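Supplied in structure tokens, the structure appears directly below.
Read from first to last, the chains carry the letters A, B, C, D and E; within each, the first residue is number 1.
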Amino acid sequence: MAIQDDIKSAIAEVLPGLSCVIGWGAGPEPLRAAPLFMRDAADVEKFTAGFLAVNNPALFLPALKGAKVGLVVKGCDARSVGQLVAENLVKREEVHLIGYPCRGIIDMDKTAAALEGRCEPGEVKGLREEDGDIVLDTPGGEVRLAKTDVAADKCARCRYPNAESADVFVGEKIAPVVERDDYADLAAFENMELDARKAFWEMEMSRCIRCYACRNSCPLCVCRDHCVAASREPHWLTQADGVRDKLFFQLIHATHLAGRCTGCGECERACPVGIPLLTLKRAFSRQVEGLFGYTAGLDQGMPPLLTFKLEEPAIKEREW
Amino acid sequence: MRIGVFICHCGSNIAGTVDCASVASVASTYPDVAYATDIMYACAEPGQDAIIAAIKEHRLTGVVVASCTPRMHEPTFRKTVERAGLNRYMFEMANIREHVSWIGKDMEANTNKASELVRMAVSKLRLNRELKPKSFPVTKRLLVVGGGVAGIQAALDAADAGLEVLMVEKQPTIGGKMAKLDKTFPTVDCSSCILGPRMVDVAQHPNITLYAYSEVESISGYVGNFDVKIRKKAAYVDWSKCTGCGLCTEKCPSKKSYDRFNEGVGPTTAIIIPFPQAIPKKASIEREYCRQFNTGKCGVCAKVCPTGAINYEMQDEFIDAKVGGIVAATGYDLMDWTVYQEYGGGRYPDVVTSLQYERMLSASGPTGGHIKRPSDGEEPKDVVFIQCVGSRDVSIGRPYCSGFCCMYTAKQAILTKDHIPDSHSYVFYMDIRSPGKGYDEFTRRVQEEYQARYIRGRVSMVYPKGKKLIVRGADTLMGTQVEVEADLVVLAVGAEAAKGAPHLAEKLRISYDSYGFFMEGHPKLRPVETNTAGVFLAGACQGLKDIPSSVAQGSAAAAKALALLSRDMLDSDPQIAAVNVNRCVGCRKCIEVCPFKAIQEIDLRGQPKAEVIETVCQGCGLCNATCPQGAIQLSHFTDNQLLAEVEALCRF
Amino acid sequence: MVMSTDTAKKFVSFEALPDFLAQLAQGACVYAPRRENKAVVYRPWSPGDNVEFAARPTESCKHVIFPRSEELFSFTRGGEGENPDDSSLILQEASEPGPAVIFGALSCDARGFLAFDPVYDGCGTGGKARDVYYLKRRAITTLVVRTCKTPLNTCFCTWVGGGPASSEGADALMTEIGNGLLFEAVSDKGAALLQSLPDASAEQGAEATASREAAQGRFPQPADIKAAPGSLRALFDSAPFWEKQTAQCLYCGACTYLCPTCYCFNITDESNGIRGVRLRSWDNCMSPLFTLETSGHNPRPAKFNRLKNRVGHKFSYYPKIHSGRFSCCGCGRCIKSCPSSVDIRKIVLDAIKEAANV
Amino acid sequence: MSKATFGYFPGCSGLGTSLEYERSTRAVCRELGLTLWDIPDWNCCGSTPAHTVDPVLSSALSARVFAQGETAGIRDVVTPCPSCLSNLRNALEHMEDELFAARVEALTERPLEAGHSVKSVLQVIVEDIGLDKVKERVRRPLVGLRAVPYYGCLMTRPEKIMRFDDPENPQSLDLLLQALGAEVLPFPLKVDCCGGSLGIPVRESVPRLSGRILELAGELGADVIVVACPLCQMNLDLRQGQIRAKGLDYTVPVPYFTQLMAYAFGLGDEEAAFKLLAEDISPAFSCMQRRAGEIKAEEARVAALAAQKAAAKAGRTGSGQSQAKSAGAAGGEA
Amino acid sequence: MSVLKEKELRVIGFLCNWCSYGGADTAGVGRFAQPTDLRIVRVPCSGRINPLFVLKALLGGADGVLVSGCHPRDCHYAEGNFYARRRLEVLKGFLPVLGIDPRRFEYTWVSASEGQRWQHVVTTFTANIHALGPASFSPEARELQILNAAAR
């Protein structure tokens, strides 16, 4: 891919001034790339972009504070960086962003569903991209899947495919997939009765193994090593294997992200047992966007729950 | 931990609807409870002694008292446990009176609820830690906001005791409403004769700095160390040069200015000295009426001023001051009576307010003490006083009694007769409220000696007919309609908190009620304190009151301020936020939200961390609710303590 | 766990499988893989449930024997009311677990317990420190594994001595043939479980054997990792190597909690009022809290320290004290479910290569 | 914004004593583009005779009026009579209470649906049509006519029920008359009692109460007392003779505001129906015309003076400064 | 320790010390009768209330949670209730996603002088909760159900 080479050139150009550039390289199997930390020219050669460039490299930024780091970013990744910068958690001048037009990334669960009856995604031996499709080499022969069918949900509602805040942008900017996020997914979820929603979360959360991959893959989770999930002071959670504590942790995470979450979806992707965690965060995002008109990752200034207005025209307080 | 639980009967206040013994017996099964009993009056001396004895006998390390609201007796019991050798914060209260026994009669439900509230208190107490206050120095200076009679009294008392006092007055002169009065009830002595010398005292007192024509711009800091910014409004006259000679006011060509001091009775000039006895006696220009400002052409005052004090370019000035305590004495204003369309809504010139009438009566007023009808300058013979115009009227949202109108109306009726011996006064009243030394005798005198006709009833309509005003109303004692042909109608307009009082309250961080009156700390026991330490109340700003009461409260506020500022050091409340540096990741979110700028970033071995400035922290806990990892905790209200209370109630 | 008799082969058609499971469920809780949304997890089976054979379980079945969080005992404060000086505690043992069957586990899952067994059976303490909680459950759980037909990209059981039809650590092995499953008991417990089933025909037996061999052939040739224990020890202080290997790691606990061989735990008391429980719950060495000392010192402060420990433990320190057996069954879940695509195979191979160069 | 179609409830007076109100109202509404649909088979609103003895019966009568409207698809009713308005509104208000509504519906034997409203003709003209539109329609401005507006006691009170204008000092009629070009005199007794229906049981009350109103209007020098209530109109107009007999020294015509609107709109005598008034209105109009002439003349004089000054200024540029200065000083003292 | 069966539901209030707790006191002093369900947790300021306390209560079996602070602009700590307003409003809109009826949580402002208003708030809120009935969010119970079925 030409654009991949252009990105490589862009990386090579800036690499000397940076401690490293984070992008994507080959992963453990054909359908998965891995985050790639590029420190020399040989590393740059391993760089890949495209449909498998799933991981959000912004995740690594807070831990790399103090040294200037380059990131190759999709539009959604750039929003995570933007939010970190808005909250002064990362210094903008310590980050060099290389953007490129992102046309979507793969969703492993959707791929698994598309392959059902044929094989597991873990059995796919090879992958090539053709037009808007991916062609998979499976034990039972080639399978062609439309990218749009197996792309992540967030890509179908992508408003910012081009990392607008990039220091360098490689390639031509492309049009957003949608103009606004209508939260249709939430609306669909809310077709369920209240009790059914409860039951849904009870069931989903009962699978949770408390590995905290959701938390550790979240680029905006700032507490990291000091998460309240395991603390006794304060003691918000017990270690009992109950749905209540598991769900409550998700509420802690979602609450802490209210107004800050950019919807990158890494929490949900990282969850090994497939709990739809982004739904909770998007419920908060919908609220915050509606009430305060704040778009995390794009707007400057503190997120809305860390500030206030004397008059809140959007808040209709209930009369008693 | 060894906890003692004391369930107070409060006589029958609690025991009437709560089975206190049963609550105590349930409480004895709670974790760490070593002793539980019920007690007749926990707050009385025998009760406190019993608590102390129990602490000693049962080697208690924490105490729960279930009684009235902690807003009432928490300080009392804290002192009690302290006397027994415990730390004052190893104590919790369960409010089983205001929140239980007084709001329902169901014994079973109340007893159960009381038990649960005790359980919550015990659960929290188990996590309480000993807290020790820190000492900090006090600024021995008092700010008095408002230069009416209450503020003057507070300032003089405090200054006489040796305290430095700053007085801030919005108007160009101090004196407040009292300065506008002609005479005072029930002695009918001259208002300015008794107030004037006190005003002069303020001006001359070495310990008092007066900022007239100034307002409090902002207040930060905390008890003992408030930082105040005062806005000295531009008077366009350099007061350091102005001698108060008044030449400018004589020559000013703009003679149709609204006369604020005289309540608009007659016009005045654009450059004014409010009244001859004004303190400070300095001129100031009312910009909106001044030709120089409106047309750019005039400059008469600048030309005639012998000391060259006029300065049209003058800007507002800001003065920063540090004070240890604040007395709010912002007084009252009359409500906007023109909502009463039945009295003309302001359309009839001969319907005046009581304060306007006061200016007409005053020898130093615009009419020189001659009562004249505003419409034609004639002397009225029939004067009708209507009381409760904007008081005790639910229909316009003013259910309260303004308190002093009955008395001043009586006084004005007397003065009317004194001024115009052949006049007749009619007073429409709802009730005569005259409790006070010599007050009721006074209202009788006006009826018996001065033949004022008191008519018990409301006036339904006032309308002009020829040169007269027809006052139509009901006489509820006679059960008839009455119509009086009046030459002048005087409305006893209800009072309300001074304009802008809520605004000041917000700056002072004190509460105010729905009418703008400042909330005292306790309606009976802390009538001059507020719930914000170091802020005191004097006069009508706290609730309407007459001159003697205002003066008394002014002295009381001064006494409270003196008690506070007589100390060199104050103890800081240890119920403040504290950072666990091991958990803090230096994300700055607490710093971002702190309303008091009480958190700063420090560098700890190369890591950014938050640090609480202990004397600045007010203990709101906003940082605690904001910190995602719970690294900053509000002492005495930690996450774990609140969670313990929640989980005492709901945990499967 | 050794097969004592040459038990007959048994056969159950897919049609009859629910009845068989229902029969098992009479006397024990039967755990079987179930598809739930996007994951396949071991859940108590009840009539009407499907058993997921197509996709391999996302998690291992270790939690059946080693629960994520288990109550060791509960306690209540002794002294009350008039006897405030009584500070005693009344302890109550947790309720006894009931018998369980794990049905349709992967053979690597079963081999995972082999890493647990010596540790919880008091190995190295002369049998003194035996973990009764683990051993009790292990004893009353019967494990029926299934032959894997094809490998996933992430599978490497063959590297560590396993294979698609290994029955090590299990009580019975089943292999899909035609329209049903062929069972072979590999322990007395397994035999007892299968007792009621009809015998399989010789053809069915042969078909199963052929199927297993075919599967074996599909699995990758093992890489030579014999040098791993020594190489990893040699690289113990090579921080740059480990930093590079672990840069992408998020240090979440997905790998350890999905791992059939990770056995670490933490113990906490959770109380409410005068009652409380002592819990033993999973812990993992990827968490910074795992080694955090009360003083504030942490011997494994950085994620590279921790991932190094994980790899080192499995391929070096554990084998050293357990007669060379790797503490890894090669199920590949840590690779497959790693949000950051960390590949433990690559780290081990890179370490061997790096150590050789040093 | 504005609703152009209303159900129309004339009330009993409309077909009798206040025929002139009825006629002029219909004409004026037509002119303003308001469609009035007569409520079929309407009945008494339940006013005085009923509501003084049985509130349920009274409301039932009102309820039937609404129900009749309902059958014709009418939800929004308009009536010229404040008394009817008061009673109809009271009925709706009281029927908010379910128990009361049940008692009413037991009488009417038909439940009333929700969403009914009723307004006075005055309110609709002022609020729904707007005075700008009225102004546009004026052909014969009432310039020179000195009018006092008299609202009566019911139009704005009780405040909670009527929810229209200031209860003690309403302005709508004042502004409407100004829009027609008339000079409106501030009238302190604009909401005073005229005596109402007490004129029948307590005969002397009307001469006293209405007399006071007439007397004040006379003192103010009003040409007309403009009313909006049939009962007020009757007391002030029809009984004026009786009141004069008791000593009133004043004669004044008492037209409905709609009659003056019809006149100002240039409608014919039939629509304005001034002939149906007891007191002749023509003297008032004569006064109006005379005053209009004076006003016109004065305006002409002022205009001429201004033109003269302007011309003079243009001609004498040299002394322009002193001219301006003296004008400025005069302005300052004005 | 539990609610009175058939009579009460589990209703928890978080009240700021300066205004609403005082308002509740004022209601008590005025002997304004109120339902007995409510249990009040006193906090210094509504800004102290982490929305997670509300969620903790709701997940822990509370049938209703009521938060009350000083009226906006009247906060004893100047700004605390402004933050609370935002956070609690966001929380309220979030609850339905969990399957919790948002009417089970309300926040309001009651000053120390508004005893009558407090009575009204408590009475109305408690009545609303009774109309909704007991909350059925008991994930623990469900979990136990799953596992107990297993362990037998």
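In the analysis below, a contact is a pair of C-beta atoms (placed from the backbone, for glycine too) under 8 Å apart; a residue touches a chain by one contact, two chains touch by 3 or more.
Quick caveat, the model's predicted, so the values are computed rather than measured.
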{"item": "Subunit D reached from subunit C - shortest hop count over touching chains", "value": "2"}
{"item": "Mutual neighbours - chains that touch subunit D and subunit E alike", "value": "B"}
{"item": "Middle chain, criterion being Cα centroid separation", "value": "E"}
{"item": "Selected interface, B-E versus A-E, where C-beta contact pairs are more numerous", "value": "B-E"}
{"item": "Per Cα centroids, the chain farthest from subunit B", "value": "C"}
{"item": "For subunit A paired with subunit B, centre-to-centre distance based on mean C-alpha positions, whole Å", "value": "55"}
{"item": "Distance from the mean Cα position of subunit C to that of subunit A, given in whole angstrom", "value": "30"}
{"item": "Rounded Å distance, subunit B centre to subunit D centre (Cα mean)", "value": "49"}
{"item": "Rounded Å distance, subunit A centre to subunit D centre (Cα mean)", "value": "70"}
{"item": "Multi-partner residues of subunit D (at least 2 other chains)", "value": "none"}
{"item": "Residues within subunit A bordering two or more other chains", "value": "236, 241, 244"}
{"item": "Complex contacts: residues of subunit B adjacent to subunit E", "value": "69-72, 95, 97-100, 102-106, 108-110, 112-113, 115-117, 119-120, 502, 505-506, 509, 511-514, 519, 531-532, 575, 593, 595-596, 618-622, 624-626, 634, 637, 639, 642-643, 645-652"}
{"item": "Interface residues, subunit A side, partner subunit B - complex", "value": "87-89, 222-224, 226-228, 231, 233-236, 244, 256, 302, 306-307"}
{"item": "Residue ranges of subunit C touching subunit A (in the complex, touch as defined)", "value": "36-39, 41, 54-56, 58-59, 67-70, 150-155, 244, 247-248, 250-254, 256-258, 266, 268, 270, 277, 279, 281-282, 284, 287-289, 335-343, 345-346"}
{"item": "Residue ranges of subunit E touching subunit B (in the complex, touch as defined)", "value": "1, 4, 7-8, 10, 12, 17-19, 21-22, 24-25, 27-29, 31-36, 39-45, 47-50, 53, 56-57, 60-62, 70, 73-80, 83, 87, 111-114, 119, 138, 140-141"}
{"item": "Subunit A residues within the subunit C interface of the complex", "value": "27-30, 32-37, 55, 59-60, 109, 112, 116-117, 119-120, 122-125, 139, 203-204, 207, 209-213, 215-217, 225, 230, 238-241, 266, 269-270, 272-276"}
